[in-house]
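Mind having a look at this structure? Questions to follow.
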Amino acid sequence: MRDSRSVAVVGVTGYTGLELARILLRHPELSPPVFYVRETNGAKCLAELFPQFRGWGEAPLRPLSVDAITSSRAGTAFLATPHEVSAEIAPALLDAGLRVVDLSGSFRFRSAQTFTSWYKLPAPHADWLGEAAYGVPEIYSNEIAKARLVANPGCYATSVILALRPLTEEGWIAANTSVVCDCKSGATGAGKDPRRDLHFVEVDENFKAYNLFTHRHTPEILEHTGLNEDQLVFSTHLLPLARGILSTIYVTLDQPQSAQDIEALYRKYYAGRKMVRIWPAGTLPELQHVAHTNFCDIGFALDKSGRRLIIVSCLDNLGKGAAGQAVQNFNHMLGIEEHISLQ
Amino acid sequence: MRDSRSVAVVGVTGYTGLELARILLRHPELSPPVFYVRETNGAKCLAELFPQFRGWGEAPLRPLSVDAITSSRAGTAFLATPHEVSAEIAPALLDAGLRVVDLSGSFRFRSAQTFTSWYKLPAPHADWLGEAAYGVPEIYSNEIAKARLVANPGCYATSVILALRPLTEEGWIAANTSVVCDCKSGATGAGKDPRRDLHFVEVDENFKAYNLFTHRHTPEILEHTGLNEDQLVFSTHLLPLARGILSTIYVTLDQPQSAQDIEALYRKYYAGRKMVRIWPAGTLPELQHVAHTNFCDIGFALDKSGRRLIIVSCLDNLGKGAAGQAVQNFNHMLGIEEHISLQ
Amino acid sequence: MRDSRSVAVVGVTGYTGLELARILLRHPELSPPVFYVRETNGAKCLAELFPQFRGWGEAPLRPLSVDAITSSRAGTAFLATPHEVSAEIAPALLDAGLRVVDLSGSFRFRSAQTFTSWYKLPAPHADWLGEAAYGVPEIYSNEIAKARLVANPGCYATSVILALRPLTEEGWIAANTSVVCDCKSGATGAGKDPRRDLHFVEVDENFKAYNLFTHRHTPEILEHTGLNEDQLVFSTHLLPLARGILSTIYVTLDQPQSAQDIEALYRKYYAGRKMVRIWPAGTLPELQHVAHTNFCDIGFALDKSGRRLIIVSCLDNLGKGAAGQAVQNFNHMLGIEEHISLQ
Amino acid sequence: MRDSRSVAVVGVTGYTGLELARILLRHPELSPPVFYVRETNGAKCLAELFPQFRGWGEAPLRPLSVDAITSSRAGTAFLATPHEVSAEIAPALLDAGLRVVDLSGSFRFRSAQTFTSWYKLPAPHADWLGEAAYGVPEIYSNEIAKARLVANPGCYATSVILALRPLTEEGWIAANTSVVCDCKSGATGAGKDPRRDLHFVEVDENFKAYNLFTHRHTPEILEHTGLNEDQLVFSTHLLPLARGILSTIYVTLDQPQSAQDIEALYRKYYAGRKMVRIWPAGTLPELQHVAHTNFCDIGFALDKSGRRLIIVSCLDNLGKGAAGQAVQNFNHMLGIEEHISLQ
């Protein structure tokens, strides 16, 4: 009765939701998605609300209703909704037999306490916390393929975890040294709601740090890199551009390594993973290389001692950092090639 | 009792008000201005509200109250307030003997009806409408010097009027031909209130036309160029930058002219006027040349026939288009050199 | 021997060539294109030269040689080359039986004299000037489908011609009135060569007019709108953004019209044309709506008299203004749906 | 014979030189500066070369000649010239009795070997290396006041040294821990020469790291913070904006401190220094706060342990990072208040 090629998309009004629409509308394995929003303002199709979709986004738009979704044939629901909305509706959809890819933070932690202390919100239903797969397919593709609920990771977290995981798994980071993650993001990462600090004039020709020591992506990074809280220093900055995250990550290695060894470690770890691109030693990726793509590009520089390593990791915060990765996860859930509709 | 070197500034929270603060704080002929805002949020000095002023903006900040202003020694009040607020408080300040430079649209028109039909607001007190001088000092310096109330012009209007006035006074524009004013402004011109369409992501890498045939600066342009409504075509666009207006103006001349004649006409009209800079024939000003200044730069191109003329006029919408011009008007009112504090 | 699904792309190093690569690499009806450049710097594949193509641009890269192309199986060559290079190599390719889509200005005019006087270059071979189809498929699809040589139009010209053609064909523009085309383009339109005036700092937060009365796209516009030289006033400006052209076009109508009539005229003219989107009366397109697409979006505003019309036409200068339109033309030449690979 | 209020400015064509012109032209204690450039292109005054100075930059422009400068009355020369030019002409000017403020890297190091190994250029005359004062007036005002030659610091170095010096002087940084300086600069910092990687389209909507472990400002930072080479990790990035540097600096403290203690340390160190502004604990400066100023703004965040400290330091790379600081140094050399002409 549920049709795995039929999907519901909830919450298309933010930047992440719009990007999800762009990707899913051209997905060759899907029937046209049905979009659900809280306020349709009388619109019956996506292009009425977002004129940039005219001519190719004549997909149906409906008022958000859990019943409407559960009584449709949709096999999977994407939730591009606020944390509390996801926490509320995901269980109902799951109970009705849908699979869910949730782009909020609600199901990213095994521990309800981690969620409540960082998000200051009531914890989602504990059963589902335990069952959710964390949606970095380069690391957890097996879990994702089988999962009924995938928690799509935070954008900053994705860029940091992909950069650090090969080193932490291999045990190359010196104990008791700080791992500094200095991350910079474009303004789509801050959401679409009008805010004084997101007014064009406040972001244009400006640059600033924010949420030092307090960013909500911290616990995801700790959990999926295995670093302990004393080691990780994670900072975030707002760039005067629309799309992209570049993380500059500073690591002290346990033993001196050569640039070749480091490149080889990354290439081995991501062998066969099309969406992570390792840059040759001596070259560095830039935001422009990944904007409007689903790639995470990783490069590095090593000092003469061979022990101080700087890793540069970049991705599009709406692509691999959100909507693109959500579809990549969905492709794993469907059992099709992970990059379909993402190139 | 009133001290002509003492000023009150009302409404410092918008971009225009901030620019006014920047200019007045370094004005060599003034004692430190007193700033009045609706909401002080407990701040006692400008730098508490706007940390960028720390170290040089320790000027007093007070809750807006007409009584407080009238009972101070202030000789002049600058109103960087919404139209309706200016309309309400200007008469009370004038009655108490202050001179007023109003940056809103409230007193720009002799006819109350013009104001009400374009602004959809109740008309300000008719007596003051008649008495206000229109604050383009290159044209009306005599009136401004004597005026008790100066209506500071709109930013677009300033750029268009300064570009067209020499031609219309001289009668060089062919009758029954359209004068097309295609104007482009940076985002500070749209105000500081958070609005979805002014979110960084909506302006960045974007460009759009707005308010075609309906922009409120239309009646100012008509009145001070002498063009009739059938001739003027005035359009406005939003540029992805913070500061500046560039107007491209298309005129059909009555008689063929040479580029030398046109340059000479402009140079003669603006002789001795430091704040309008005429560019030599064959060269064109750019926004960068006037950003963060009080200049209006004017250049032009003429076609081979000598009858089709394109004028390019540019200025900083917060400078010559608003706060700078307000201070230039104030300098005339004080009887000091017009460019003081403006270079 | 020639394979219509096999293409050669000459000159991939500019912004237009890169965009062409992006589109052709995902074209479902093609075998991987072969790219030819003057300087390969030892690179054997596109991704070596342009790392952003890693993982999906492993297409072969070869040193430019007419012999290499003619002795390959390529059925069509795209020329993203300077005018003089196109003029030189297009005839040789055509003589060898290839079809050619040329993105330079060399073959856009029937008259060699028009080309030489505007481009200050020797005229291309006269036989081919006469045979070339002008590549606006919404107007000349029949000619394009049969053509051996398609001259892909200028970016500004495309935006203006698509906006004016319905009016001029219908004879709605008043005689002896100026048609003012105030056009603004992003910086990719100015080419990729390092130039002082294209340095980031010279474009950022800046805006300027250039080439007034002298822009090379003028004769294309005249020829394909049917306007005479006295009527057309065409100006160009540089926007501080990467991609997009927005043209604001001012027309005086012969007879008063209603907004409905105007919208109906455009809808009828472009009925069935997926790549031109007409905006409902009262709404206007913005650059963001067309960036990274092959759409040309057209909207308008009409004054109360019904005779003064402002048309806003926008497109991506690398998309519908260059590479996208080239592929759209190619699709017509292949006899497949015009929008394939363009959504 | 030498007039201390008369200055020569050499090399006004770069962004730093232009900013220097802007500041010196309004300096109240100076007679109009004379500007010297390699190529005058026939211009006799600054405004002919740079039209943005029309109306206030009618200062004389002359072809660069050491003789012309030494035979003028100039008491001080500012050198905004390439390293090798400064190295060549500074000694001749000094020998003729001028004082010199050099904005290049040539005289920043006591050790000729440091210069040659980082700059790959011949060392300047050794006598002058020893005599030059390093121009951070908040640290070396006594030396600067007496100096005949002041080496104006690098822009990145200024932002890092001002942020770290209070901590290193006090001995608060834990031994054997890395000090990570993640620095980001606007594009004026990269110079004005046309380069492919500084084309608008390559910087706009882009962000990248560069010169990791190899930036030339490294030895300045080492020398004036007292950190050793093993401790300092210094990285640089290019922001898509024109002006400003923001450095995010990660320090591990020897002992836990409170935020109040840290703020107090900075306030004490910079007491009476108008050009360094310390932000209250819990607040952070942004680039917008310092653009177009001579301020260096410093804020910080401390983690719960009181041992991991993040310092945010920002300044305008053309202001406090170059031309502004040069004038601040000059003011010290003249014995006048350091902030004159800098607010």
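Just so it is clear, A, B, C and D label the chains in written order, and each chain counts residues from 1 on its own.
Just so it is clear, a contact is a pair of C-beta atoms (placed from the backbone, for glycine too) under 8 Å apart; a residue touches a chain by one contact, two chains touch by 3 or more.
Not measured: the values here are computed from a predicted model.
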{"item": "Chain copies touching (subunit A, subunit B) - same or different residues, decided at half shared", "value": "same"}
{"item": "Of all other chains, the one whose Cα centre sits farthest from subunit A", "value": "B"}
{"item": "Of A-D and C-D, pair with higher C-beta contact tally", "value": "A-D"}
{"item": "Distance from subunit D to subunit A - Cα centre to Cα centre, in angstrom", "value": "40"}
{"item": "Rounded Å distance, subunit C centre to subunit D centre (Cα mean)", "value": "46"}
{"item": "Interface hub residues of subunit D, defined as touching at least two other chains", "value": "202, 204-205, 240-242, 285, 288"}
{"item": "Residue numbers on subunit B that touch subunit D, as the complex places them", "value": "26, 51-52, 54-56, 204-205, 274, 277, 279, 283, 285, 288-290, 292, 295, 343"}
{"item": "Subunit A partner contacts - residues on subunit B that touch it in the complex", "value": "15, 187-188, 192, 194-196, 198-205, 240-242"}
{"item": "Residues of subunit C touching subunit B in the complex", "value": "177-178, 180, 182, 184, 202, 204-210, 212-213, 230, 233, 235, 237, 239-244, 246, 248, 250, 252, 284-288, 291, 301-305, 308, 310, 312"}
